[in-house]
Structure formats: C-alpha cells, structure tokens
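In what comes next, subunit A is part of two complexes: it sits with subunit B in the first one and with subunit C in the second one.
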Partner chain A sequence: MDVLIPIITMSALGFLFSLGLVFAYKKLRVQEDPRVLLVMEILPQVNCGACGYSGCRTFAEAIVKGDAPANGCPVGGEEVAHQLVKTLGLEAVEVIKKVARVHCRGTTSAAKESGLYRGIFTCYASHLVGGQKQCSYGCLGFGDCVEVCPFDAIYMGEEGLPLVREDKCTGCGKCVDACPRNIIELHNIKQNILIFCRSLDRGPTARKACKNACIACGICVRACPEAIVLENNLAKIVHYKKIPQDKIPDIEKCPTKAIGLIHKEKKKQEDDR
Partner chain B sequence: MKTKTFPRGIHPPEYKDITANKPIEVMPPPEKVFIPLHQHFGKPAQPLVKKGDAVCVGQKIGEGQGLFSASVHSSISGKVLSVEDYFHPLGMPILTVSIENDGEDRPLQEIEKTEEPLSLSPKELCNKVKDAGIVGLGGAAFPTAVKLSPPKDKPVDMIIINGCECEPFLTADYRLMLEFTDDILMGAELARIATGAKRIIVGIEDNKKDAYALFQEKSAGKSIDVQLLKTKYPQGAEKNLIYALLRREVPRGGLPFDVGVIVQNVGTVKAIWDAVHKGKPLYERVITVSGPGIKDPKNLLVRIGTPFQEVIDFCGGIEDGTNILLMGGPMMGLSQWNPEAPVIKGTSGILALKTPVSFKEYECIGCSRCVEHCPMGLVPTRLAKHVKYNHLKGAEEWGILDCVECGSCQYTCPAKIYLVQWIRLGKNIIISNKRKKSA
Partner chain C sequence: MELVALFISAILINNFVLHYFLGICPFLGVSKKIDSAFSMGLAVTFVMTITAVITWVINHWILLPNNLEYLQIVSFILVIASLVQLVEMFIRKVSPPLYQAMGIYLPLITTNCAIMGLALLAALKNYSFVETVVFGVGSGIGFTLAIILMAGIREQLDLSDVPEPLKGAGIALIVAGIMALAFLGFSGMIK
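And then the complex of A and B:
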C-alpha cells in the first residue's frame, strides 16, 4: 500500500502543474504576428542598427506595424526591399544604394604633421587634443571607422587614409558616426564626382597644411555654376545630377585635385591593393 | 607651525627659482593681435565689430551670450583686419578678431571709474565684473560673474583666495602677490561683498613664505585669514583647496557653492579690483615665460591676443634642442605646435621644455601608484581600462566624472600609460552621449 502514496502524490502534483501550464498557454499567451518571423527571415540579420532601430527584430516589428518603410534597411538594399514588398503586399518603393565616401585626400605624404603625437592611437582621442595633423578638418588616420565597420568594407590604405570597398559597403553609416571629424558621408553610388576635402581654412593656410586641400580658387564653380558653389572657403556639390558629362574635364582642372571623378580614385585603390 | 593640506597628491620638482625673483615686466603691445571670441568655459561671444572698424584699448568686441559666457575686449587700438576662424591654443579653429596696431594705444573715451567701490551693491558689482569679461585666470577660465552670483538656496559664507600656484615653473601669481598685495586684498573684499560671504581666507603654499608674511602684515586687523599650506600638487585645485583649508568636501558632481565656498585665483581678484575701481576690462594678464628652452625667462604682463612667437622672441627666443612648447604648467598644460597661437585669458604661462619623451605605452603592472596619489580618491587604472574596453557604464560607476585631470596618476605611472588621456576620452564620450540623449 505504501508504494501508492508517492505515486498518487506525484500524479496529483503533475496534474496541478499541467493545469497551470494550460492556463498560462491559454490566458497569458502573447499574440505574435506571424509575419514578423517571415520578415525576419528576409532581413540580413546583422543587427547593425543602420535602420534606426535597435536590431533586425525591432525593425521587422516596425515594418509589420507599418511604422518603417520597406526600403528602411540600407544593408539589404534593393533585393530585400523587393522581397518585403512581395511578402507583405506593400506598395513598391524605390531603393537608392548608398555607400560611404571619404572626403579627404590628406595622405601621409600630402598632409603635414603638426608634431610628434604622443598618446592614444584613436582618432577620437587625437581629435580631442587638436589632432596630429596641421589641418584641423582632415582625416587623422587611426582608423576608428575601420574598427566599427561590421561588414569589413573599409580598410586603412597604405597612404594613411581609409579606403572603402564599395561592393561590400552597405551604407549602414556606422563609420559616419565614428569619425570625429565628420569627413565620411553617405552618397548615392551613382554619383561619380566628389570633393575630397573638408577644410574651411582660407586658401593659403589650407594649402600650407595639405597639398591636396581645396583652396577655394573657384575653377570648378566657373565650369559648372549651377551644380557647384563655394561656401566657407570650400567647394560644395549641390546638385550632382546637374553636372553635364562634357564639363567634367573642366572640373578636373582643379589645381590641387581636390575635386574629381571617383572611378579614378577607385582605380588607384585597386592598384594599391 | 603646522601646514594644512589634503590627502594624497604628488611632489614634482618645482623649478620656480628660474623666474621667482624677476619682477613683472610690461611687454610692449604687438603689431597685430588675434583675439578669439571663445576663451572661456561656456558659449562663445558674438562679435560686435566687423572688418575695417576702428577700435580702442578696452573696447568691447564680443558680447557674451547668455549666463555661461564672457565678453571679449580689444587689447590694443587700431583697425580690425578680419573676423574669421583662426588657430586657437586649444587646437580647433575658432572665430577670432584680428586687429592691427596703430601704435597710439588710444584708451576709451569714457571710462567708468568708481571712487568708492566698497559701497556698491552686490548686483552692481556683478554687472561690472560681467561687463569687464572677467574669467577665472587660474586656467579653467570659468566666468567669474557666474561664480559671484551663487543660487539663492545655497548661501556662501567663505571666500577662498587661491594663491597656491602648485604647477611647477609658474610664478606669475607669486609675483602678483608680492607686487599687488593691496589690489588683491581689495579685490577679495569686493568678491566678499558681491557674494555676501562672512570671511576671506587666503591660501598660500609654504614655498612662498615671503608672500605669506606680506599678506599677514597687510591683512592685520581685517577679517582676513591667511593660511600656510603644504607645498604639494594639486594644492590649487578647487576641491582639494577647500578640503585642505576647511575640511569640507564638495559632493560628487557638485560645485563649491554646495558647501558654501567660492574659490578665486589671486589674478582674478586683482582683475575684479581693476575692473571695478579703474574701469579696466580684462585685456591683459601676467604670464610666466619659462623653461629650459627659453633664453631669458621672465614674468610678463602681456596683452590678450599676442602670438606666442612674439612673447618668446621678447624673452630672447628659443634655444636649440627644445622639443615641447606648452601653454600652462607642465602638469596640465596643453602642448602647442603652432607658435602663432595667441595668448588667451586662460594662459598662465608659456613653457619651452627639453624633456625627452617616450612614446611607448606599457602594460599596467598593478603597482597602484596612481591610486595612492589620486587627490580625488579615484582608481585611475581602473577608469582607463573601462574606457579602453568601451565599458562606459562601469567607468561612470567608478566616478570618472569626478576626475579633475590633474595628471598626478600619469606622473607617477611607471608603465607610462596615458591615464589622463584615457579618462578625458571617456569623460568626453559620456558627456556627449548625455547631451545627445537630452537633446
């Protein structure tokens, strides 16, 4: 008879707990939209945060709710956007592929150093004490941007400047945030002309600090006044689409080569590699 | 007599005898001055002049914006050459007014002198100080008008006049104390009236015994207490000075107001007296030009905006083999690469050193010397590691924001770790993150 007592107690306990589980399953259940999982499968799952949400899951939830646009994931680009549109039956959207581009050509040979830098080897730390280059706007070359890139799309070139592998770059913008001097910007991949300088110093000062600085001479502005303007001693492309192809040779007459075609730059990078 | 002090701290060699016995010399105004509109803690001033304007000595050229700001005045008479970004000793380009000297040194037409400054009301005094653009001349350049108007719920009962000058090499404050004792005491009295404090304490380190004796003699019969402090770095840091003299501890993240104290540098109180009594705004200051790399070290009265190069040339130039140029003292000073940078209100000295420097950072050996010497009672090595491995929450918990960046830890570190720079980096990231969050 004694053997029955534990058997009965255990089965009674088991029944009691199973009741609890049934209750939890029926009443405390969180209703999850099945579409979130579907969207999750489409997303690249790198949790980079480029969409502005904390990770892929929160972004998926936002898409399903309709808070985020279908082209909100810059990493997935066109393909992901199309799949999202198809699965969720959203309206078709246009996707512009953006890539990071470095607005500086202050290579170790071109930009003068201000002194021997003794301290922590990160751009942020160097920037706090004024930087180890004479130019107060240019790249410091310690590679904070290389460090943060989740896609291995940016690397330090031999010339002391970060180079972007545009095939790998997804335009997540992490390097843009990491750069203390704000010289990295996201651009439409189709834009082929770029200003490789951010110096707001006056011509002579800028030239003294760096051979490749924009000296605000205005040659590019004269070649194409509707697309390029001078602002605070620096040329600025306002509407890159308005630059006619036949004017590009005129623009490329820039005495310091601070403005130019990006593909030439890319070719140089490949040679570097 | 037993000297007062605070726990921990360091004893770097003093090198004060180079310039201690040299009276303050007046440097003639330079050909051109470059006056940055942001020389203080807080918001930059807005320019009041434009290219081509004629200005007089002491004319206001930049108006302070809001509470935490200070006005800027012209230091010479002449023509404004430009108002644009120019090199600043802090490293970044800042909006600067450059003026060409006409050699006349023309003063302003109307100077507001006050014959009986001691009868002014606190509010009038504060306004005069604010108009004169006075900031703390010890180095941090905190606007003095803000210090002199403490919040109503925090009454101030004590004014401390900081005559420590604990940084090696610097003797500008020491010379001021010897040569302008009366002005300093009167300025202290004005500061006392402005804040409604009861007592004044003058704290002087015991390597300046003659200044101490002079102050005791002059302050006899007044409600001024002159105290001798042990020579130790950083005795002149606000929070440590308050602890040494009054045994009051400023709470975490607090200001000296919180314990009813205001600390003013001797140079600042002299500037207050000059501004109120003589109607002279802050356009010149005393600096020490010293170090083994300077041919003829001096204590100089220079106009704000004079390029370092001209000051150095006035002192005989730079010797061969000089490898470091500093603005400020050797412990907290800022390294300069461009000798064209101008003297600003916070410049306490210009030093040229010939010290060999090592560029390698070694691993921490866990000797705890930085912990033994930190005057704020922090654990610098721990803070640096937290920042290095990007664990900012931990750094904040370990009190990174209480660091005063005095450099004692790095001075004692046998592994030559850039402790101060790591901590500064962490502080900067934490503060900018907080700003982003609140915005």
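And then the complex of A and C:
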C-alpha cells in the first residue's frame, strides 16, 4: 500500500496542473492566421534568407500582412509568385529571374600566382593575407561560393573558376555574400553580355597579372558609348538594354576577351561537364 | 526585521546568479539588451514567486505529512514546468515581439536551476510560508538586478575595443566573474 501513496500523489498533482494548463490555454490561445500556413506550403522552405527576412516563416507572415511583395522570394521565382498571387488574391506582379554570374576569367593558366599559398583552403582566409594570385581582384578558386550554395548550382570548373548552372541557380545571393572579392553578382538571366573582369589595376599591370584582364583599352566603349563606360581602369555596362545586337561583334573585338557573350561561356561549360 | 534581512540577503548577498552561480544560462543568453533582460528578469521573478508559494504548499501540506520528502524534486519540477508554460502562453498573447526576443530562453526557464534551487533551498532551510514568499520575491529581484547590470555592461562592451579572441562569450564570462567578486563585498553586511 505504501507504494500507492506516492503514485497517487504524483498523479493527482499532475492532473491538477494539466487541468490548470488546459484552462489557461483556452483563455490565452493565440489565433494564428491560417493563410500563413497556406503561404508556407507554397514557399520553397529552404530558409535561405534571400528575401531579406530571417526565414520562410517570417516572410510568409510579412506577405500575409502585406508588407512583402508576392515576388519577394527570389528562390521560388515566377512559379511561386504566381501561386501566391492566386492563393492570396493579390495583384499580379512581374518576376525577373536572376542568376549568379562570375566576373572573372582568371583561370589557372591565365592568371599568374604571386607565391605558394599554404594556409587554410578557403578564399576568405587567402584573401586575408592578400591572396595567392598577382591580381588582387580576381577569383581565388578555393570555392567558398561552391561550399555555400544550397542548390548545388555552382561548381568548381577544371580551370579553377566557379561555374554556374543557370538552370539550377535560384538567385538567392549566398555566393555573392560568400565571395570575399565580390566577383559574383546577380544578373537578369536575359542579359547575355558580361564583363569578365574586376581588376581596377592600370592596363599594363592588369595584363601582366592575368592574360584575360580588362586593360581598359576602350574598344567596347567606342562600339557602344551609350551603354558601356570606363571607370577606374575597368569597363562597365551601365545600360544593358541600350546595347544593340548588331554592335555585339564590335564589342567582342576585345583583345583580352574580357567582355563577351555569356552563352559562349555556357556552351564551354556544357562541354566541360 | 528578520524578514527585511532575508529579503536583502536574497537580493544582494545570496544572489542566485552571483553567489550560488545558478541560472547562468539565461544570465548570459538574454543579457544583450537591457529591455529584454528586464523582461526576462520579470518573467523569472514571477515564476520564482509563484513557485515558492506552490512548492511550499505542496511540501508542507502534501509531502511532509505523508513522509514523501523524496518526491520533492519531481513534484517541484512539475510545478516549474507548468508555470513556465503558463508564462509562455501569457507572453505570447500579450507581447509577440517580447516572445520573439526571449526565444528559446523562455521555455528554458523550466530548466533554469535558479528556480529549482530556490524551491529546494526554501524546503531545506525550513522557511515559514511568509519567509518563503519573501525569499522567492527577493531572489527574483536579485536575478533581475544581476541580469540588468550585466546587460548594461554588455551594451557598453559592444562599443569598446575588446581583444578579438575574447569577443562574445569570453568577455561576458570575465565580466560575470568580476561582478561576482564585487558582490562578495556585500557578504558580512548581514549575519
């Protein structure tokens, strides 16, 4: 019988407290907007934070409140935006698919090394000590961007440069943040011309460090002055849409091929694969 | 007079965080901003006071008459867990931003040893009902005081030049140690 007393005591206490909690729950329950769950189901649920919110859940809450736009999820892209518009009855929005693009062609054969690097094998660590390449703007090739990609959309090519699988890339921007040299940028997928260099060195210095560097000769600027400018020894596309298609061959006369059509790159990537 | 002494000693001399080193987890976890530290202190004070009351009732009315002292820990845990659930529901209802700010540390009050320590200490020292309540409130205020002081110091620390390896937890622990030393100065104030 002595065994029963503690058992009964504890069960009674437990029962009492659970009763109290049930009562409190009825009084204090928080009503959640059921639409948040609906939105959650549509979202990709990778919690990458590319929308600017801390995760898919907070983004869903913001959409339901009307604080975030339906096309705010760059990962979900067009499909998710359309579904959101349909589910929540919002106004239709235009979605531009963006993909990551690497602004460097400093391949192992083209870019000279400044010394032997024996430190931690990440771009970040190498960048802290100045990098192992002569060009202090170019890709270091340790693949911090590859490491950080949640979608397996960027991989290290044989030439020591990261390559983007544009069909898999969702434009979340993680690689953009991961690159210590800010070589990767998000671009509208329809933009087909890219400057494959970030070097701000003067022409001869840049050319010495890397065969594929932009030497700021100005050929592309002369071909298309309203869209391309020279800035700090580097060509820059300011208005992509103002580049007429018939001027592209002129632009491609670039002596170091530091500017050119992206689809040629892509074709090369497919051959690599 | 004795009650006043007990109250002050619970706040300053036998401060749970800085004397017994109990409840260090929320003390370090939620002491980044003064206002969230203050609300954490309030939540802990509330749970401590109610815990002190209920555990006294359970201890003296149910456990002791039936010679069930060995159930103290289990039943006290039950009380604390239910109370924390209650507080959590309440805060979520009243202030969602506060609920977000406290995050995981709110349910972790359940496993906050300061509260368990309070219930067990009060039972061990055989306090009367009034003494237990005073002890509970005092300890809660003591915890609040410690966590607010800590938060104030850490807000200043954010602006100062801390050596790289000590940033974050390292300097926080050092600060906590120095605060404990400073609070040692209060001992001897009351016998």
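Quick note on the criterion: the second predicted complex is superposed on the first by the 251 of 273 C-alpha atoms of A that agree within 3 Å, B and C clash if a C-alpha of one lies under 4 Å from a C-alpha of the other, contacts with A are read in each partner's own complex, and residues count from 1 in each chain.
Following the convention adopted for this analysis, a contact is a pair of C-beta atoms (placed from the backbone, for glycine too) under 8 Å apart; a residue touches a chain by one contact, two chains touch by 3 or more.
All values derive from a computational prediction rather than experimental measurement.
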For A:M1, is the partner it touches subunit B (first), subunit C (second), both, or none of the two (neither)?
neither
Touch check for A:A24: first (subunit B), second (subunit C), both, or neither?
second
Based on the superposed arrangement, let me know which partner A:G115 touches: subunit B (first), subunit C (second), both, or neither?
first
For A:A125, decide between first (touching subunit B), second (touching subunit C), both and neither.
first
Should A:M10 be classified as contacting the first partner (subunit B), the second (subunit C), both, or neither?
second
Residue numbers on subunit A that touch subunit B, as the complex places them:
114-116, 118-120, 122, 124-125, 128-131, 134, 136, 200-202
Touching residues (chain side subunit B, partner subunit A) in the complex
84-85, 90-93, 334-335, 337-338, 357, 359, 361, 418, 421-422, 424-425, 428-429
Of subunit A, residues touching subunit C in the complex
5-6, 9-10, 13-14, 17-18, 20-21, 24-25, 28-30
Complex interface listing, subunit C residues touching subunit A
58, 62-63, 66, 68, 71, 74-75, 78-79, 82, 85-86, 89-90, 92-93, 96
